[in-house]
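Handing you this structure, nothing more for now.
When the chains are written out, they are named A, B, C, D, E, F, G, H, I, J, K and L in that same order, and each has its own residue count from 1.
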Amino acid sequence: MTTVRSTLPEPARRVAGEALQESLVDLLGLSLIGKQAHWNIVGPRFRSIHLQLDEVVSTARSYADQVAERAAALGVAPDGRPETVAARFALQGTKDGWLRDTEVVRLLVEALETAIGRLRGRIDATEDADRVTQDLLISLTYELEKQRWMFDAENQHVEE
Amino acid sequence: MTTVRSTLPEPARRVAGEALQESLVDLLGLSLIGKQAHWNIVGPRFRSIHLQLDEVVSTARSYADQVAERAAALGVAPDGRPETVAARFALQGTKDGWLRDTEVVRLLVEALETAIGRLRGRIDATEDADRVTQDLLISLTYELEKQRWMFDAENQHVEE
Amino acid sequence: MTTVRSTLPEPARRVAGEALQESLVDLLGLSLIGKQAHWNIVGPRFRSIHLQLDEVVSTARSYADQVAERAAALGVAPDGRPETVAARFALQGTKDGWLRDTEVVRLLVEALETAIGRLRGRIDATEDADRVTQDLLISLTYELEKQRWMFDAENQHVEE
Amino acid sequence: MTTVRSTLPEPARRVAGEALQESLVDLLGLSLIGKQAHWNIVGPRFRSIHLQLDEVVSTARSYADQVAERAAALGVAPDGRPETVAARFALQGTKDGWLRDTEVVRLLVEALETAIGRLRGRIDATEDADRVTQDLLISLTYELEKQRWMFDAENQHVEE
Amino acid sequence: MTTVRSTLPEPARRVAGEALQESLVDLLGLSLIGKQAHWNIVGPRFRSIHLQLDEVVSTARSYADQVAERAAALGVAPDGRPETVAARFALQGTKDGWLRDTEVVRLLVEALETAIGRLRGRIDATEDADRVTQDLLISLTYELEKQRWMFDAENQHVEE
Amino acid sequence: MTTVRSTLPEPARRVAGEALQESLVDLLGLSLIGKQAHWNIVGPRFRSIHLQLDEVVSTARSYADQVAERAAALGVAPDGRPETVAARFALQGTKDGWLRDTEVVRLLVEALETAIGRLRGRIDATEDADRVTQDLLISLTYELEKQRWMFDAENQHVEE
Amino acid sequence: MTTVRSTLPEPARRVAGEALQESLVDLLGLSLIGKQAHWNIVGPRFRSIHLQLDEVVSTARSYADQVAERAAALGVAPDGRPETVAARFALQGTKDGWLRDTEVVRLLVEALETAIGRLRGRIDATEDADRVTQDLLISLTYELEKQRWMFDAENQHVEE
Amino acid sequence: MTTVRSTLPEPARRVAGEALQESLVDLLGLSLIGKQAHWNIVGPRFRSIHLQLDEVVSTARSYADQVAERAAALGVAPDGRPETVAARFALQGTKDGWLRDTEVVRLLVEALETAIGRLRGRIDATEDADRVTQDLLISLTYELEKQRWMFDAENQHVEE
Amino acid sequence: MTTVRSTLPEPARRVAGEALQESLVDLLGLSLIGKQAHWNIVGPRFRSIHLQLDEVVSTARSYADQVAERAAALGVAPDGRPETVAARFALQGTKDGWLRDTEVVRLLVEALETAIGRLRGRIDATEDADRVTQDLLISLTYELEKQRWMFDAENQHVEE
Amino acid sequence: MTTVRSTLPEPARRVAGEALQESLVDLLGLSLIGKQAHWNIVGPRFRSIHLQLDEVVSTARSYADQVAERAAALGVAPDGRPETVAARFALQGTKDGWLRDTEVVRLLVEALETAIGRLRGRIDATEDADRVTQDLLISLTYELEKQRWMFDAENQHVEE
Amino acid sequence: MTTVRSTLPEPARRVAGEALQESLVDLLGLSLIGKQAHWNIVGPRFRSIHLQLDEVVSTARSYADQVAERAAALGVAPDGRPETVAARFALQGTKDGWLRDTEVVRLLVEALETAIGRLRGRIDATEDADRVTQDLLISLTYELEKQRWMFDAENQHVEE
Amino acid sequence: MTTVRSTLPEPARRVAGEALQESLVDLLGLSLIGKQAHWNIVGPRFRSIHLQLDEVVSTARSYADQVAERAAALGVAPDGRPETVAARFALQGTKDGWLRDTEVVRLLVEALETAIGRLRGRIDATEDADRVTQDLLISLTYELEKQRWMFDAENQHVEE
């Protein structure tokens, strides 16, 4: 049967493969809801958040590629098909139609926090299985935490 | 209620909106299966097709953005959420796991042909409703037909 | 008498020439009021709208050049002199002095809507006269409708 | 037999294919006589016209590529071989040897006018056969009419 | 009342503000007649002068932006609306229609000389009011005098 | 003793040296509080002001380098050590911890106004001592006044 | 009679001129058949050879320009008109219609070998006539021999 | 009270926050003394060390930004104000006035060694608290150790 | 004696130094056999593998530089002389002369797998000695595993 | 008689013209001796000074162009012919043959000091005649004083 | 005595050194008269020739650098001092003051022809002495003959 | 047997092939000892020579590629394997461990002189066999002689 060989022993391959597959779904889903908000946002902060969302999408797409190619490099066939993303997406989704800017900011803070929490679990899980995969997940967490901070700071309402 | 005003009269807005929404789903789905094949392809033409698939994905993403923003510009909220893409995607999908290079070439020829056939219908449908939307769909068809030719030419098996 | 020859028969040349000349005045006027707002805007969205206005001005200047050179290419001498722009400018103008950011957003939505309405008439008018001119006006309409959406989305006030 | 499938029904394929094949010969021939003039021009406007001719050649080569690949995309094998270009070239040719700058300007005005007249016929012919091909021919006409204007404006002799 | 504070005392602010407002009108008008000539020029020097005019327009637009933003920085709302430019434009204007290359060269020499003469007066006027504004006007004069020389050199007719 | 020779006579060197040393401390301090606000800002204008602050920091750093190298060029050893910046910094400082966006805007307006007032004094002081140093301070003032205007325009609250 | 003066004595000018004129025809023909194959190739190596052919075309066009301008620089009017290229082209031509990838590879190996053989004769012929022309032909041979190797290496069929 | 939420539990947040805050002060201080030496260095190696110091400053500024934004991302407000940098800076400082090149090299070796020793402690301290922060400190240490080697190699005096 | 000081205690320095020295030899050897295959490959996949090999060489050269400079930064003089590379190279070598494309693919898969296995041992060995060195080896492993996957995927033969 | 008109009254034109003509000779001479030293320098600082000299030459050439075009813009024909540069060059020259690096540094310090002293006189002389010319000479002095400092700092010999 | 060693035997070194030294003077002189004409040209072709002259100057400067560094590489100290250029310059010079465009074109044709004639002699002279030097002179001749042709073509007067 | 065809007759192929194979070993060895010195150099000229060595390595790598591909183009399989480079390397090698900057400079002068001497022999040897190969070796010699001069100039010790 056609298959790509792994450089990891089987149990380690399975642990790393699961962490990568789950991260792939999170990232592809995040790229889709990020674009959804990018197109449907309305309100006085339209332009500012519209542009910021494209940075989230760009980060999500770039890491989805690295995560999926890392899986392939370990002999694990990654699954990023539409039906898989829809069925297994575990972050906050969004309603159909126009979205107020304040809603968008809250949505992103929540979706990113869920993604980060899941990633921290995978960082622990891959420690013994594959340091190389762990390192990729650490740098991904760094980027998502930076994005989360920016939306959270934007979310602080101040009364004078 | 929050809403973006349209510059088109209602029936024209609805016709153009539907053509754009359907195209958006086709393009987002195409970008996902293009990446799926990019990651899972195996066989002697791996590198050549691996690179070509990224051009398809890049075209699909760029036009998804233009198509969705055109919908918003007409006062139609585009829907590109994961569940929508999975539920309404009408092109050829792909199986899970590694994909032989010959399978990938055939898959792309078929998926692109279906997408093109659907686009030609929308070009006719939007002729009276909105020339501007029609023009966008024409240039999208131009790009997809160029991609389809390249996979079809690649698909020609020759015996000597 | 000095004159550039036309590749169109006379009636077609006159129809296309008028459509182009009117579009030229709209675009030059739009570039001037866009800059006026860029310089005079005040309010909490200063930076965001200040930057967005430069994109409108850049679009308007680029299309003014294409529209005027298209007229010349058809043997019609374009007229973009200061006195002509002032006398024939038909979009919303703006008052002298500082402009609040909310005013600016409303002004742009209105000016762009008027420009788009006028362009749609010219797209119809040039259909039989000159497909090439019509195509230029279609792509110009695409850009202005995109700009109009962005200001309209920015214009949506949301109460929580 | 080896062949690339078409996305168009047969009569439409034939109409579009002919329009594209004829345009290909016009453009390849234009690129050759443009270079011929670029190398052989003499006279006080040498440098100015020498540079302008390279813009014509660059436009002709770029559109020749698009036109031929469009034909291939429609399942029509394009023919741009030396013997074909020489046999079917229908624009003004040029004599051997050095060319005065005034002659070159007149030659280009005439060759471009012939090319444009032929293209306008094909724009009409492809309207029902293939909108996508028509759109490509429209944008090509736009570029050639712009080039023609520039040589025609250059051609205006003024006595004081 | 909404207003941007000035860092200059009132009399100085008024002197600098007037110098900048007048320069703004000169520059916007110059950019419009520069483009008008760019589009309508005919004659054997078409291409050469056509390109040179775009450098004048580019200089005029860039300095119009700096001059208007300098006014705003001093708490003076700049006025560059179409009606203002038309009403207060004090340089040489141009007739409607095609323009011979020799006419264009003479027009630019004259318009630039008038602009330079007016600027030299403002350099003196702002010496005590605002050194920073004066420095901006000096560098603008440098650029316009360079442009003027080039058109004047082009203007020298030589008999052999 | 090791020393870089000056091209200015001693009294002029001392006057120019003092003006440059004081400007250096203002600019280094400004770059530090600009970054401090860049990192600690919260509120709905987070992204917009966060980005604008990096332009202030970039301007301050670039001119600090020019100002210090100008001092060295005049044989005056510049002093930009941490203890010097802290001890002699004369602009508005900022409190520790998160900063509301409205506070940040007001802080920048004030700090820039103080810096500008001090620079205008130095422009007068260096007139006789060193025209070259004066010219550098004039262009620095131009940049800081532009930045001040932008924050002041952003600071205008509008009630509707 | 209008003519460009030569810096070479007459016999040398004629020898160098012939070598350059023949090379020009070879290169223009090569650029046309290279594009013909680029458009008409089919088979599993489509993408790989399609891209490689564009490098051949790019080399051929660039050297055609240098060779023709070298002729002009020697006072020899180069002739690259369609009818001349068709009549005097001495390399392998290609049949009309789609081309299998294996055929294309063989065609290029043969055409390049013929071109190289002809060039080596001209390198000898120009040794005494004009070292500068010889040097240009040597560097052209270097590039074509590199291209030939790549197609020849691609041409090696291996049975396992 | 206004505050950015953390994705870390409290004890971990405090440990990581302290490591980042101390690193921020080291880096801002390093960037200031690096520039101080860049401006005041004299001696035969002036140009070579002058340029090398700008690389140190560039590294220090870039990591100061990453370190401070990492703190903010963890809900810790970073403190990089002038008074904080001066009060808590723990690396080698430098005297006022011109600095011999040999002194500068020794100063940088020492300051970088101290910074590296402090960073190695923080790498250990953050191991359990936050892997992501640890990873940032590891890559910072990599860069500073590379810089230290270069100054140390430069510091080796050789007698022949 | 001339020596660069280390920032690590002696046992750690020795462990890290050995890991780096061995990696340096692997990488320099890999860059040489990668180029050897790049030049000598023949067969229908010539172009595709020829280009891919240059990516391997580029990765190997870039990491050889980082690995050697890391050794120097730790006070360990790296040894990459020809005789050392030849004597200690432990990956698969290659025979002299032309290489079939299928052989090249198999060779690279094997050489990369050996290199990766050796690197994984060094990642464990440097865990306690030097986290910074370990991090460099992790990122190197990431790149080589990505390259190995691509050749392994290329290596999958499919029968239909 | 052929002549370019001036925008300055005659006495001012003459004063500015002389200042510019003298500066032109200084700069052209400086660019020649800078290159002479760039080619002939020997000694342990070869590479460092060799590169620095090219920055001096680049500055000198760029300002020579601005200074000469400024003269032309004022209706003064600049004179930069070989015989003029040789006859009127008033800075330090250099001997024929190889030059020690220490000699080169001293030569540049002296030549630049002489040039700066002469420029300071012209800055005073043009104050009343032409502010625009004065401003150009000020910015030239800024650049040459920066270059002079760098060579002077390089010139400081330190004994330990 | 300080001297750079040669890789050529003495007689060859002297022959090559003389050829290079003479070429250096020709090129430096050519760059000076090219700039002189660039600044002083007047007439209807001002802009066109003004730009072309900068290409001659750029070529001359670039080859002067290569020629002088080649001399140094052979152990021959090149001499490009102002007094040397003036004393030994053997090409056509130019008069002081404004230059008609027709005069400039004739001047360049003549100066370039003289330079080329001298270079052809040196190509023969260095054949046995140093092939590497000869190759540099051949490529320089190629560039100058191309420039000569362009001015000669520009020089062809045509009567109609 | 698999083999790439040659365009040269057999004796010429063998002569050119040997010259290229020997040059390849020289260049690969040079790139390895250049990097060895780049990493191990110590002393006050560390940075200056460290950077210069990377230019040598870059030249050596680039020409190694050209030389090996030239061999392949002539049907000669080049051999650049580690064992071949070590066994046949004929230039000066270097000892293990840190290298003083003065030693490095002397080493490079010697290694380059040996390489150049060998190349000059091959230039003569290939004269009749293959002008194209000879031309490549001439341009390689040009680059190495330039590098040799720079190290030799750096090597001149001067006593004052």
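By our rule, contacts are C-beta pairs under 8 Å (C-beta built on N, C-alpha and C of every residue); 3 or more make two chains touch, one makes a residue touch a chain.
Model, not experiment: these values are computed from the prediction.
Averaging Cα atoms per chain gives one point for each, and the point farthest from that of chain D is the centre of H. Interface repeat of A-C: among A-I, I-L or J-L, over half of the contact pairs recur, by residue number, only in J-L. Annotation: 50 Å between the Cα-based centres of chain B and chain H. Chain J has its Cα centroid 32 Å from the Cα centroid of chain F.
Looking at chain C, residues 2-4, 42, 45, 48, 69, 72, 98, 100, 135, 153, 156, 158 sit in touch with two or more other chains. A list of each chain pair in contact follows: A-B, A-C, A-F, A-H, A-I, B-C, B-D, B-G, B-I, C-D, C-E, C-F, D-E, D-G, D-K, E-F, E-J, E-K, F-H, F-J, G-I, G-K, G-L, H-I, H-J, H-L, I-L, J-K, J-L, K-L.
Interface residues of chain E facing chain F in the complex, by the touch rule stated above, are 2-5, 7, 69-70, 72-74, 131-132, 135-136. Note for the complex: chain L touches chain I at residues 2-4, 28-29, 32-33, 35-36, 39-40, 42, 64-65, 68-69, 71-72, 77-87, 89, 93-94, 96-98, 100.
Across the complex, chain B meets chain G through its residues 45, 48-49, 51-52, 150, 153-154, 156-158, 160.
Chain F meets chain E in the complex at residues 113, 116-117, 120, 123, 135, 138-139, 141-142, 145-146, 148-149, 152-153, 156, 158. The part of chain K that touches chain E in the complex is made up of residues 41-48, 50, 98, 100-102.
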